[in-house]
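Got a structure for you, questions after.
Naming follows writing order (A, B, C and D), and every chain is counted from residue 1.
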């Protein structure tokens, strides 16, 4: 297990889906950052299930800050946030516990943990853990915002329906952060929702693509050879369950471009260098170039489907079939967006603190 | 800068394109691994330019092992390999040194290193550094092979031409490792080469997609939450210059799948669990499931093109144009394949050593 | 801040003396280790204040395991233990908050955290945090014991009174672990206690030396050049507040020895290699040699003394005097012993897991 | 093996005593630091053997900088320095290779590396490796000096003879750095040298104590809980072979002090806070308080003695005797001083870069 991420600013997660609580420890955080409980609630709400398109499990996500905050500001010492698990029903997991759920971590957990992992609700492999990351991310996102750095993610594609592209990145980010179903063109939301519901009715699930933008990041951030911005962001993003691909800027489309098309021409205006296009997603040689950082991740359809699938009954070592019953999301794309925002915030903040010092996020006090 | 990668088995790179030498230090390596100079030469050859489709710079890549090998075996102490730079011509770089080359790290290096970076040949940002990684990778790939784990990469797509898919993974890997231009269907090689040459004639460049497979990896490897196999592999692969996307298994195609299509059904045969399809690329919940690990990366067209492009003359802070002259590759896809193999070998070996102990790669001696 | 320690097995601490709770996250822990709440209670009791020789603050240390344990065994996922703070009285700290307490971290915290640190009870700098480490250490100590590795610490010297030396290391360790005031010769306990009480009566405090032994550790453990056993153990031990020195084996006495005296001669008996003396403390070249690892740390007298001392009133930037009032320990030597045991257990377990794999502590399940 | 040290600024060492070369990679170094070959030579000279009190092996220590320096300044990319081994005679090692040298790492290496370690001259366990650290340290020490931070070490005690104490720390450091045999009172040098020679004549060796001071370090540096200044410095220092103890400030003497004696009273003068005494060695709660950091390490007598000692002939698994022949130092205390300076410089620089950003050492360019 490796449940800590980051060089200077680190994030440690713990907890199981149906255990007592999940939580997170942020370490290396600058002192003096205002901590808003409202922002944390908002971030948890962005990730929370809602309507018919999500799980019926209803966690109030009442978090508690156990340490690291005093008089409403970070102290500079480890900030621990705990979120108790309350609406826990483990009976479905008990019933099927010997049937490996396809697309899930049941089999790989068994191989890794030798049968000692908590099976209830997927245990530590559950998406539930990401709630803690969102809570923590809210603190960091606020701090970055105070430095002029903003992060936003929209549902670029869901079950075959495309959203429009980012246009005015900074304004779009603001718009997205006020929405629970994050599309730039609200017209697409209904269609996407409909597809989710249709899949859900059939006991099936759908996937999609999230597109994230980070605006306001200064040029010169990133630590190649190995800790390029793409390396750090992809490392973080792939820790989210269900992500199977990531691409920066033009991404896979670069494969079919000529160099003369793919290169982003530099221009200077009023002393500011910028690029005319952004095929490199704001990153050259692993280092930020001052343009918005833009990337997309592919989110697979939730593996929990009630449609019958072939599988193995592992205790008997026999072939069998499974129909996964329980309170599952027919789609997690719209919820995962909050997690991508949070984890991206950590990556970016960590790289900034490495470059400018571990008090950077509250530099006024230096 | 972060030029060390890995948890237990680490890789540290150093060097500049036109400096005295490039090199690598492998640390945490198990003692008793046979070191074959032939394998290292072979790996360097896989990466070396050849024919009209590569740079005219001709480095013999005469490497020297400075430490960590005794009587033909690893000692268990740091293994340092150095490759001197010989065929160095820096005059082109001198001429253009104030013109930011679009798509390159010139501008971002300037922002990060304040003008102190070695500008000749791209300095430490140059693809030249990856030769050292290939040399080191050869040692690890041999050790993995002795454990039944094999890694191979083919050019899945180049300038719009597709290769066929992996079929018999293990055999395909063997085939690929004997080829300098790594396609599964040799018939596609000519067409791809032609496209490279055509672009080169026009002073342009082309990109492509590499597909990598790892066979023989046991189930249970990977360290989620943060060091999932996808996280570690993507972290490593994005350190290679020019990679702009990565996807595992079905990758971005999962976005349009239903859960019932995307899930890989489990079956058991003669006591061995396997999946019927491999949409998850051999990884569930960040942990290997025993199937081949399969991923693809998008490689952008080389940014060095002699076609005139808009740019900025940074010393004068004025707009200008540039035509990048020098000995450049019109395509690096076919060469990058060797680097992806090497760096993947490190990731996999590191995760295995974390799981089974740092003497794993030479377990007979334990 | 750096609140995570370890390579493979990591320990993350959080919390403030008068905050809501303190706690610890153990990550990278092998699955299948039996977790005994009794052992945790016992470890907390070893560290708990008692009698007239300790603080009057009485924390019941009711811990809660939030994650990582299922059916009485570690799951292999992060194990979080939280200990709420209950008997909190902050009024003394409020009164003196602008007077820098000599020997404490008040001034250095101010410089580091810019005034945002929680001042109550020393905040995160308080020895209170070490309760969480003891709780976590109990789990690891049990796991090590199951592998034949035992750790024990005695008060080698306190306020000028010496205990006897280790004699039969393994048996002595057992004896020590059953004592609250850990001396090998109980006759010394009374005298030591008396000196503590005498200092306390005068509003003063006393220091001492702790000696720790680890028996049963196999030869070949340690990761030089930089992660030698001495490096790792000293790193961990110096994180405990109040430790100002550490020495291994003969320690500082080696300075006056001849090589022929200091070297430990090797002998072999029934196929087992051992050394006749143990001046090197069980470590040669940073690696264990199979003999007990033995080290001593110097613990300074508690800096909280009510005797008036010169200091600075920092808000006014004026010289002043302070008499530290509150519920303080006149000596922490006898309590710190539990923390040294716990943190040593982590070091040793981490090095073993690095060598033998991250499932080592529960190897039966591999 | 763990041959990399540091959080932001890292040091990686490689090489064997009788291999082709030893070397070091410094990563995370700020760009724009002037690199003086003269300083590197000077540092190597401080460590070099001389006179009758050292080994007869005479390495010219001709170093080569392979990367990371351009136009006389650091580029910000990895700086590799290589020192070839030239005066190598391995015949003595061949003769005795099955006899475990007491006090050396022969037996522990065998247990760790399974017989694959390079036995010649102690291989990677040899003190020879520290030459590379001194070369690298010279670059960092120069950079720190430009920030007003100076490091110096004197032979506090050697074979029972004491040097005087630090008096005017900053001036004393300057004096020490100009001496090959680093004592504050030159009168003691002759006596110490005589004792070394006397031991050498008898085929024996002597040990001693080094005392190091760091002046000019700002208050607020250090990263507790785990990366306290004491933790980081001790971690680094214990990686040097032969160090068996370290103590900060009053060190082990704190054990016998009362709190009212041990506490360093704060005073303020012209707006500057300082302490009247320095029993805490410039560190409170793991963080620098602005006073000089002062620590002492115990260096054991060189284990290579020609006096006959009991040992084991490991291949035969039989008891035997050994007389270690070869070109050995009868004392390494006076040479180790250069290594302690170098490695302390790294620790301090790393902590400063963590606090103020990775360009701190050349902050003018930010």
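Criterion: contacts are C-beta pairs under 8 Å (C-beta built on N, C-alpha and C of every residue); 3 or more make two chains touch, one makes a residue touch a chain.
Keep in mind that what you see is a predicted model, and the values were worked out from it rather than measured.
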If I average the CA coordinates per chain, which chain comes out farthest from chain B? C
When I count C-beta pairs in contact, which pair ends up with more: A-C or B-C? A-C
Taking each chain's centre as its mean C-alpha position, how far apart are chain C and chain D in Å? 27
Just the number, please: Cα centre separation of chain B and chain C in whole Å. 45
Averaging over Cα atoms per chain, report the distance between chain A and chain C in Å. 38
For chain B, jot down the residues that touch at least 2 other chains. 1-4, 7, 13, 28, 112, 124, 223, 358-359
Given the complex, residues on chain A that touch chain C span 1-4, 10, 12-16, 19-23, 25, 27-29, 31-32, 64-68, 70-71, 73-80, 82, 112-118, 123-124, 358-359, 362, 365-366
Give the list of chain A residues in touch with chain D in this complex. 7-8, 28, 223, 354-360
Chain C - residues contacting chain D, complex: 1-5, 7, 11, 13, 100, 102-109, 111-112, 124-125, 129, 157-160, 199, 204-209, 218-228, 230-232, 234-236, 238-239, 241, 243-268, 271, 273, 275-276, 279-281, 283-290, 298-305, 307, 309-312, 314, 317-319
